[in-house]
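One structure is given here, and the rest of the page talks about it.
Lettered A, B, C and D in written order, each chain numbered from 1.
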């Protein structure tokens, strides 16, 4: 499928989703901006607790108590989803925007057959009767590569393997040919050989339907092999965003650099892996200044003192490559040491 | 089985021969045993002193069971484990307790592997207390020494597991295994529950400790890249059996078993625009309850022929590289 | 599925055997001379000897147990000492009253408890939730008999001469009688015959009887008499069911598949009523089964207070009068009935939870 | 060589304070509204029980006839609330034997708390023994123990207690024994379940791998971790025990008159509900408040200990 001009399908601006717990306010997502162009796959990458899943749930407004979206705009085709009424938003879910999850088996309701669960999507959004919906469900099961679809439609989630269950979830999510699919770690719970099958399936169906995808994962390899653009998250913020080549060949943020260097790569034996010291800061008590500063080796190298005081912005650097780092930005009394701006 | 000789130059520390572990499956009205899960089915290998053997495979292939059975955390169904000439599986009581000083284990789940009620210093000291080693002062010294080895500070000893991050907890687990000064450690998926940047910390620690303390590892994992990084030799398991085993560089440059090949091609590599020829296996991993006849891999194998469905391939050395062993009808070994 | 059912049924056999052993031991474990305990301290040696012979107490224990088993399986629970009538007959007369009262109380508890629990879970941490939980916690802490007495005081005395007045005791007002439906219809069944006893059992459930025979005046009166004891009896089960429904719903609502249901575009009420409720029902049904036990025990207290001639009150009177055959017989039947109800509950899972079928 | 790893950013070396799991749990308990309310009421009740002789104006069994000009079953008279000064003050009135009801209710606290703690203590002791034995050893021992527990559970518990008292004879001691016996299965099951779940944890395997004997593993690793659910169940169990004991006494099977036990007080005066409702109302209220305190506390403890119920 082709897009003559790149169109923005989804734009998230300054999204903040906080969790109001007994231990304090957890700022799981704290000022996230990114865009998804129609027809592209955006990889959202980061370590556990960085807020990538919360970001995706925020788009569909599936945040449970005690979480709340406190600020921001989410434009989907020029309509702010956060300003929609509840029935309007419900009409979007599963229809124009749908989602698949990390644990396929627990994401299916154990007391209904998988066929009924897929058919339900049609019953909700399309005015068709039960029989037709069921037939559609069986067709979809065939489409996602489930052999013996008529019989399998009558089985229950516990009778399926993880890979099959994820196929069912994909069938359900793509039933109405949505414009945006959010895939939240869709293969993390699966074995590698099954992961390859599922990825193959998602990519194949996407090519057929032209759906845009947000692929959320912690696996850099997965991103490299599937995504068109990447957004890297750290401690509730996007710290770097660019097209796929640029980020792997020329990572700019010290965190991205460290992340790429710390992964063992098949066929590339290194004596010692590079290490990012320390661990992710507490989301209740964020350090002032740059959130990565306490672990940042570049900050030490260039003896940047501004990092501990002021938070850098997510600035456009080269073409569409944006990065949130003082190494490349001038601030009050701070001159970027790498002179990277020219 | 043919797995007996390893590198002559190095000294063999542990040998596992024909290890079998079946779990009973009960069912029917009276919950009688109606079948067996063949979790580990005739597995043999040996590990030399100071070596790391990587044991890799998908979930349910029996790799964790191998590790636990070697340490007698699970009773073996049959087979033998010889450690420095002693048959480990027949040990009981005081002898077993003594053997436990030499063989240790680090677990997968850093959250579950520490007693939540104990300050971590106590957890690390548990082994030396059980074995009544040294007096109180010496114990404290030993605990602190091992905490430092894994990058923890003195004052951490009085803290509780919930006050640490996942990576730190895994390091505590390593320190606990080290206090008894073992020669051999089973590392049961030690980094699979950790974030990538933390994985590297733990992997580096494990490597450095091995050099410093001349440890021997059995490294169990499902991540091929991690196994490649840390192992000297690698064994690939599929449904309770070893499919292929070879020195690391040999295995990764010249994989023979179609399963190994598929596994390697399925792993995404963080380098964009590198279009690879992918082998995508069809179907799910069969249940070890009813493993397929013949070669266990044949229903998913892209090159399977008739023979594969009724004749089980033996694990044999390659003609060109005797240290490289494969259990497949269609490798050069078959024509040997 | 059938295997699960068969295994579950076979499972209850040793339990029922255990019940028989326990009740058997009970009658033999009376400290001192059982004869004197039952007939009173003044019973003479000869009377006791004859009593022991009649009751079979002079035989060796294993023989006694054999006889006991044989009798029970042939429906013979011995004779009441006080009434000199078969225990089984007394039980059959009394059971309908208790079943009727218990059923009404159980229905009340379910009809109020489940919706209250669901609403509290959905409106978690709001005033509604707090209110339901306070009420539920107070409910489980309430002595049934105390609540019964207070209700009687309030509705029979304080609200006397108002339309809200309710009778404080009895099943039916003096002057009214619940003529058995088969007599109303003049089926001409011979008194004392098997079919007569069978129909009489149902006729003794007054609500059922008055509906069948269309006697609305009696129906109204019977319901008026039932309200207070049923409310008192249902308090604890109601509170327990509400609490269990709430916590079960909360548990289910945080499951992954609920998020899936929402992501599909389902309206919240369907998410709750279709996807969450059915999954939340399992532990609730288990707890309902267990409430049958609470009801039987509560019946002893409630029937005593409200002058209901049911099993519970009879049991209480028998204990006071040391009428052991009745205590023993009633205990066996209640325990076996309780086991049977819980067996049915377990079997009902098959229809609610597809995961059980695999077993 | 040693491997140097930098510490967590918030791991400042000066922070030597530690948070044990116990302290953490205590903090979570304090956040539970119901636990606080229940705990406060309980504390109050314990104080009342301890200082009963100081609080109560009369001996609970003291018959006032001949000492004061007072009738049987007289209504409450509180001078501050307008009861004429010439009438003797009895906050909760007097009972059928012309005893001060308030004093009897105050002293009843002692008996009820004693009942709760002793029966549940006994049941926990026996239940823990049976449950840990079954859960740890498994096999036929486990089967036998659990089948016996199943039989005990096959009876509605209060009914079984009534039957046991009927056999052993009426009286407070037998009632306590009966309630203790019927509560055993609950604790046996709770302990067995937590032993089974803790047994599967990796830290238990680690203890075995370090050479820990079965006894070491059971007593040092498994049982201590099985205690929290037992505490929750025990607290809720005390509530049930008090309620059941009061019911037995109400039926005349437990504490015998003239003991100042709430259930007994209610039972002996229950026919006076229309003429002297205060004789029924106050003892029952005391039962309810006491039982409620334990229920609230138990509920709060469960929410604090079971993280699944937390957000």
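We adopt the following convention: a residue touches a chain if its C-beta (ideal position, glycine included) is under 8 Å from a C-beta of that chain, and two chains touch if they have at least 3 such contacts.
For each chain, UniProt lists the protein as follows: A = ABC transporter ATP-binding protein; B = Dipeptide ABC transporter ATP-binding protein; C, D = ABC transporter permease.
All values derive from a computational prediction rather than experimental measurement.
Counting C-beta pairs in contact across B-D and across A-C shows that the higher total falls to B-D. With centres computed from CA atoms alone, D is the chain lying nearest the middle of all the protein shown.
Taking each chain's centre as the mean of its CA atoms, C is the chain most distant from chain B.
Chain B and chain D (ABC transporter permease), compared by their mean Cα positions, are separated by 50 Å.
Computed from the mean C-alpha positions, the centre of chain B lies at a distance of 57 Å from the centre of chain C (ABC transporter permease). The centroid of the Cα atoms in chain A and the matching centroid in chain B are 33 Å apart. The set of chain D (ABC transporter permease) residues touching two or more other chains comprises 5, 7-8.
Along chain B, residues 165, 168, 201, 204 each make contact with two or more other chains.
Along chain A, residues 65, 275, 277, 279 each make contact with two or more other chains. By the touch criterion stated above, chain D (ABC transporter permease) contacts chain C (ABC transporter permease) in their complex at residues 34, 147-148, 150-152, 154-160, 162-169, 239, 243, 246-247, 250-253, 263, 266, 270, 273-274, 277, 280-281, 283-284, 287-289, 291-292, 295-296, 299, 308-309. Of all the residues in chain C (ABC transporter permease), the ones that touch chain A in their complex are 124-125, 254-257, 259-267, 275, 278-279, 352-355, 358.
By the touch criterion given at the top, residues 68, 71, 73, 96-98, 100-101, 103-105, 107-109, 112-117, 119, 123, 126-127, 130-131, 148-151, 153, 155, 158-160, 162-163, 165, 168, 171, 173, 176, 180, 201, 204-205, 208-209, 211-212 of chain B touch chain D (ABC transporter permease) in their complex. The residues of chain C (ABC transporter permease) lying in touch with chain D (ABC transporter permease) in their complex are 14-16, 18-19, 21-23, 26-27, 29-31, 133, 137-138, 140-147, 149-150, 152-153, 156-157, 247, 250-251, 292-294, 296-298, 300-301, 304-305, 315-316, 319-320, 322, 324, 327, 331, 334-335, 338-339. Put simply, chain D (ABC transporter permease) touches chain B in their complex at residues 1-5, 7-8, 13, 16, 18-22, 24, 201-203, 205-213, 216, 221, 224-225.
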